[in-house]
Amino acid sequence: MPNFSQPLSGLVTPRFGGIATWGRLPHVPLEDAKGVDIGVVGIPWDGGTTNRPGPRHAPRQMRDQSSMVRRMHQLTRIVPYDLCNVTDLGDCPVNPANVEDALKRVETYFKKLVAKNIRPLSMGGDHLSSLPVLRALGEKNAVGMIHFDAHTDLYDSYFGGFKYTHGTPFRRAIEEGVLDPKRTIQIGLRGSMYDNDDFAWGEKMGVRLVRIEEAIEKGPKAIMAEARQIVGDKQTYVSFDIDMLDPVYAPGTGTPEIGGFTTREAQSLLREMRGLNIVGADVVEVSPPFDPSGLTAYAGVVMMFEILCTMAEAVSKSR
Amino acid sequence: MPNFSQPLSGLVTPRFGGIATWGRLPHVPLEDAKGVDIGVVGIPWDGGTTNRPGPRHAPRQMRDQSSMVRRMHQLTRIVPYDLCNVTDLGDCPVNPANVEDALKRVETYFKKLVAKNIRPLSMGGDHLSSLPVLRALGEKNAVGMIHFDAHTDLYDSYFGGFKYTHGTPFRRAIEEGVLDPKRTIQIGLRGSMYDNDDFAWGEKMGVRLVRIEEAIEKGPKAIMAEARQIVGDKQTYVSFDIDMLDPVYAPGTGTPEIGGFTTREAQSLLREMRGLNIVGADVVEVSPPFDPSGLTAYAGVVMMFEILCTMAEAVSKSR
Amino acid sequence: MPNFSQPLSGLVTPRFGGIATWGRLPHVPLEDAKGVDIGVVGIPWDGGTTNRPGPRHAPRQMRDQSSMVRRMHQLTRIVPYDLCNVTDLGDCPVNPANVEDALKRVETYFKKLVAKNIRPLSMGGDHLSSLPVLRALGEKNAVGMIHFDAHTDLYDSYFGGFKYTHGTPFRRAIEEGVLDPKRTIQIGLRGSMYDNDDFAWGEKMGVRLVRIEEAIEKGPKAIMAEARQIVGDKQTYVSFDIDMLDPVYAPGTGTPEIGGFTTREAQSLLREMRGLNIVGADVVEVSPPFDPSGLTAYAGVVMMFEILCTMAEAVSKSR
Amino acid sequence: MPNFSQPLSGLVTPRFGGIATWGRLPHVPLEDAKGVDIGVVGIPWDGGTTNRPGPRHAPRQMRDQSSMVRRMHQLTRIVPYDLCNVTDLGDCPVNPANVEDALKRVETYFKKLVAKNIRPLSMGGDHLSSLPVLRALGEKNAVGMIHFDAHTDLYDSYFGGFKYTHGTPFRRAIEEGVLDPKRTIQIGLRGSMYDNDDFAWGEKMGVRLVRIEEAIEKGPKAIMAEARQIVGDKQTYVSFDIDMLDPVYAPGTGTPEIGGFTTREAQSLLREMRGLNIVGADVVEVSPPFDPSGLTAYAGVVMMFEILCTMAEAVSKSR
Amino acid sequence: MPNFSQPLSGLVTPRFGGIATWGRLPHVPLEDAKGVDIGVVGIPWDGGTTNRPGPRHAPRQMRDQSSMVRRMHQLTRIVPYDLCNVTDLGDCPVNPANVEDALKRVETYFKKLVAKNIRPLSMGGDHLSSLPVLRALGEKNAVGMIHFDAHTDLYDSYFGGFKYTHGTPFRRAIEEGVLDPKRTIQIGLRGSMYDNDDFAWGEKMGVRLVRIEEAIEKGPKAIMAEARQIVGDKQTYVSFDIDMLDPVYAPGTGTPEIGGFTTREAQSLLREMRGLNIVGADVVEVSPPFDPSGLTAYAGVVMMFEILCTMAEAVSKSR
Amino acid sequence: MPNFSQPLSGLVTPRFGGIATWGRLPHVPLEDAKGVDIGVVGIPWDGGTTNRPGPRHAPRQMRDQSSMVRRMHQLTRIVPYDLCNVTDLGDCPVNPANVEDALKRVETYFKKLVAKNIRPLSMGGDHLSSLPVLRALGEKNAVGMIHFDAHTDLYDSYFGGFKYTHGTPFRRAIEEGVLDPKRTIQIGLRGSMYDNDDFAWGEKMGVRLVRIEEAIEKGPKAIMAEARQIVGDKQTYVSFDIDMLDPVYAPGTGTPEIGGFTTREAQSLLREMRGLNIVGADVVEVSPPFDPSGLTAYAGVVMMFEILCTMAEAVSKSR
């Protein structure tokens, strides 16, 4: 086994001790990173938020909570840290006072990361932060996406023509050609609507939109079988908006919608991704000011760990 | 389409902005109301509470949270504001220092409202606040009722003979002849019991009592099919006690009982009411001091929106 | 009916009134207890906690919340207080500043309790507090156990050889011969793992380990049928770690694991224990500092009431 | 030293352990009380509250917090439990559903208590609960009063003529002749006003009204010297409304007014009462739902302990 | 007395009832406003925030809390609603997704307001929201300012040259000539510093900078005497950043600095402004997500009421 | 100026971004530390706590909050990072399951630290964690101490002879000869007492005990002048128990005592230490579970910064 980075063990140092890095892994800034396969990155930014703010604080709270996650997956017995080199790269540069500049900073950072052949597992940030990541990953070839969310985030604009908000990233990504709508599936959609524009546009572009009622009725295996077929073997991004969960599981988010998934259902969904070629993933929209208990962030990091195990297998297989 | 009142859109004015009226609708006091089909009313009162207080604060918190609800129902695509005229009538008069006087004030108000041919969609208040509303609606003909609750609220008296508490409203309403027990169904009953008096009395009167275990086992469709049969085509009231939800979905209530419904299950139940002749409805027992996060109130207003869509169809059909 | 202790009724004295004893029962210290069949005891101690502390505060909060529980079980109509004599014995002696001394004090107390022929229904305390109770109950004959938990608590040691923590009690109990591994079943196991040592050891000893995925798939009736078969007719202990519940139902605990049981599922499981010979039980790991709302403690006391009803039947039958 | 009741020591049993009685004293119901000099009583009732509710929950939270108070006063070295017999009498009967009946129940209880020659140290309850206590204490001779509060509670009526609310108790007590206005001083008055009626009436009756600005400018010694002169040697009641404290020290109350006293200032005021003939006292308007942390209740019990030390000296001197 | 708008009285309608407008005044949108002397306006925006977000939610929470304020000032007996016409104008338009556009919208709104001869009393919003208000008020003649704050907000730029943040508004206002630095005083400055640039620039421009240590040592009367001399008789703006208060009095803010003013001290300072020609004022930086209790907002609205009384006198005198 | 470690600036990277190290300084583990003058160390341990637990979580929350502190002291203009090399050394090893072992681990660590000629500025941990630090610093020569606290922590034993708790560290340190009682002053003592043993013993040993009443009456300058005289020029330790602050400033602590210092008063006291030879310091007893808002921890880190500035001057002077 190569000399991969290992997390500090809670059997040796208690879990509340030590500097809070993700998963108790070493922190290595991107510029110093060598041989990193999967890089955990924070995007402390919420400039695209149109409603309740806060995701700028998520990376810190998620790192703190991540000490609660141990090294081995309880069902698959995968230890991602034995399969590849995983590192906490810290946070990427942002700008809380200017949306355009912030998008530029994040995009630049992730292009450097991709150039180093690192697969990003990022913590938002609001959902607009997925756009610059997709610009980096899909620069050469549009990626496919499995997207868990209460909302489509396919709106065109807000407040009289403003194009960059957390309700619009995937419309932009599709328009820019970095996301392939025909290889995109959105799961868990729900909540009252302004109108039907986002759904209509998405369907026209070929996105598969799955409302939560359908997801529950068919069950996780059937839905994810379809998802696997849609994204196929090619490069796939996973975007997990924490508001796919019911607000009782994720009160710390900006636009909660009741009637959502339980964490158990979410885990069932994520566990059906094994074998896919996940080239990047994010968990976004955790808003610590609306959940000081940290349980939302904790749910978020467990979802990151579920995804990490699958990504680590993909890296291992690709060698 | 007639010139119905429309809510402020979150795509134009962000949802956290503006005076907090229900659903971001115009506020028109009852005395000025003209051509209103459905009136949203707050009953800021909890004088009937025998345990943990607080519902007096519910209408304000529910109005605040109601900005999170958009105009179109996600499944039925109903926009209630396109079907009839819905208005926030503000709060009715109450008296926190005297139960009898408070009941009188609420009854008087709702009789005026009924006289204006407005269907009330009210926010309690504790469950005793349903009694004066039923007195107004059932004055001429007893109404039927679909009642979602953890408790029967059919007790006779408390503390040595006191007849008016939030545990007794429907016994009083049946005794007074404003509620038809044979057209009444109670769904979600659970929690440990003092004795069996409330159940025994209800059953004797012909009320259909559905414990949560039965409701879960049979499923929402079957239970609601029975409910539809029980209430039939005639005038029906809907009373939704927020404690029908499990306490994790509704911590902000006075008498939580574990093992309750999820919001998803509650939505499934409510959606089976389409086509019924709902002449009034309430969501009661939200207690903000026990949930400063507002998520209980938010669940309550989404339930109001589910009911509103069905009421609006009923109004529209009745024209 | 003998002259058993009766709880204060909420129909007479409101539930928020009076000294907070468990279930509003009389408080009688162990040394004064006579003719007590089932003794509710608090173990205000968390010296075995390796992660987030707090269960030392649980007995007080649980007593406070227990006023919300009424006297009759809603489905079985069992009134435990009519079947046998149930008393709140108060808290047993502890020592927050020394683990060994604390274990000794608790063991001594419970041996006295057992000598008085009282069946203990205790409130932890962290899970290490079950060890001295088992030492008392299993002194002559090892007991069997139905154990609800997210974790096996079968680890060998922490922090370089320390043998007494809340992650090790049942390994110690099995080694000491007070717990029969072949008559032990653990239900609800989940969460990421350090390694596989606890599972491997437990399986080697003959403990039946049921992961939550299996429990959900098979359902409560099948799982509990197996549990009944495993423990048989002989003396059985029930240990309910509150973290068997999902963190949304029990945020107030030290080592939450997402993806857990709902309270409704937990009730379904517990209700399948009727007829077993339960000689003692505990609900542990409630941590009030992580849930000031008290809802975790409330869930805990309802679980205690579910168990109490079954214990009371067992006592009644044994006469 | 006689065989007075003693509190459990935190050096022996940790403070979080044991049944929560006031000051960790024995609980003896009034009907069993013998030889009690000072009786701590809870009045779990808030039926007079016109604004935010909650004091019905105060006695429980105050008992819980009272474990934090040790037995000896740090400056005077008074140990009240060495000077006289102090007991927790539990809660008096109340009725949350009817104001008149509740007032009657409390009055009846306190008349029995006074008949047993016990001096009451009660925990409200809202401020209307002081009225029935005064009716018992002042039945034969009107008492004087040192009253700490942000409000005069001398209003005439609310909501169109309702005479019994927490804003009116002392107007009623003066009208009924159980409180001597000329031997009454109110300290700490502040907050915006409806009109000047309460002040005008109080001044006309001879009550000394001290606004907080005057109290701060003159200082605790000067103000209390005047208070001592006003009440003289005769029977004096002390009523401490927790909202005399600034809301940061007492967020858990129904009608907070910013710009209040610090706890340090409050202690300075109370310590100037030594030597007065305090025949009864209360701390009221603690509202736990608005302060789950318990710090408001904790401040309240420390104020009770400050008063208790002075009452105990008065009892001791009177023998 | 002219027919001025009057607030709903808490003696008639309880304070928790009714639609939440500021001070329970009528809500009249700016376009409909006639004869309004002082307009309360919300600016639900925090796009200039460089640290913890949230003031976008302040106007709603402040309106809700403002029901706790009664109509008469307790010391001066001023009833502002008897001196002039005060109205809640609702919220001005904003844009959470674009700083420049938001500044433009706010400026445009306030220019209309000034054109109607209304004096604004606004609720931020973060402190950058004061800039567009000053642009409207100081368009023709630069205004003077009494500024209460922990910070100078005189920085030049953030994050590499970004000029519009909540740390820069007054540097911009001085540069743009809408604020007269020689008629500006800043009171309460404290907290660790990046460097000395903001202080050096302010002093160079002639701003009087008063650190909290100096303010406490000299006392409110002396400091405010100097402030009165500095601003003189001419048009003066008052800007009250809630973080001038110590964080215990105002936890709900983005950049708390310990060691701040008490609310009592703040009231003393504000009460020394009587007689000044206040043409506009704001209370900013209240951040509800960091104080769900609402006490920060409550402190903010009491400060608004203190200022309102002085503004109303100024209006009255100017007639 | 030498090449000292510098904190990340909030003007460049927003304060909510980046890995949470103390003061945004580089993290260098002790074994890698070279040329470090002052080392910030966390002691995540609360095994000595006899009441409410939690300080094991303090170092993490304090690091998170420390991003709010900027680099320059606002009054003295000291930038400690320009005077000497300050580094975050991370947390020292602990053991939550065994008091003796934990004390040994901490002592061993700090002896290594002292051997490297680093002055420790540590974050507890409960107050027992000061004992092993003093054992390291006072090994050769007993140190003097300025101790800010509500309690003496000079008790002899708890729970029947247990010698190592957070109420006993300084009695042990004096007995062991690592702390010089005649060069020790304790400031801020208050709260009700078990008995007078701790005070009597301390006074007998020559410790100067200053009750808060005396401290307030004499004022910070006079008290600290005496403190300076007591400790003199020799090696002095500063121990700051967060409960010296009033509970409103520090609710997040285990044994709050009302009537404490404000943060402004605490700052005034600390600022009088300039010029002393501070060889080590700690801030202890911050308990995050009792203050999820983080404001207690924030107050703690500002106190650390105040002390750091003085320590840095001492280091600089000693070169």
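Observations, loosely collected:
First chain written, first letter: the chains are A, B, C, D, E and F, and each begins at residue 1.
Just so it is clear, a contact is a pair of C-beta atoms (placed from the backbone, for glycine too) under 8 Å apart; a residue touches a chain by one contact, two chains touch by 3 or more.
Bear in mind the structure is a predicted one, so any value in this text is a computation, not a measurement.
In terms of the stated touch criterion, the partners common to subunit A and subunit F are C, E, listed by label. Between subunit B and subunit F, the least number of touching-chain steps is 2. Subunit E has its Cα centroid 39 Å from the Cα centroid of subunit D.
Counting partner chains per residue, subunit A has residues 14, 16, 50, 52, 56-57, 96, 158-159, 248, 290, 293 touching two or more of them. Checking each pair of chains for touch leaves A-B, A-C, A-E, A-F, B-C, B-D, B-E, C-D, C-F, D-E, D-F, E-F.
The residues of subunit B lying in touch with subunit D in their complex are 46-54, 56-57, 95-99, 101, 158-159, 162, 164-165, 289-290.
Residues 50-52, 155, 158-160, 189-196, 211-213, 216, 246-248, 251, 255-256, 258-260, 290 of subunit F touch subunit D in their complex.
By the touch criterion stated above, subunit B contacts subunit E in their complex at residues 13-14, 16-21, 27, 42, 44, 56-57, 59-60, 63-64, 88, 90-91, 93-94, 96, 292-293. Residues 9-12, 14-16, 68-75, 77, 248-249, 262-264, 267, 293, 295, 298-299, 302, 305 of subunit F are the ones that touch subunit E when the two sit in their complex.
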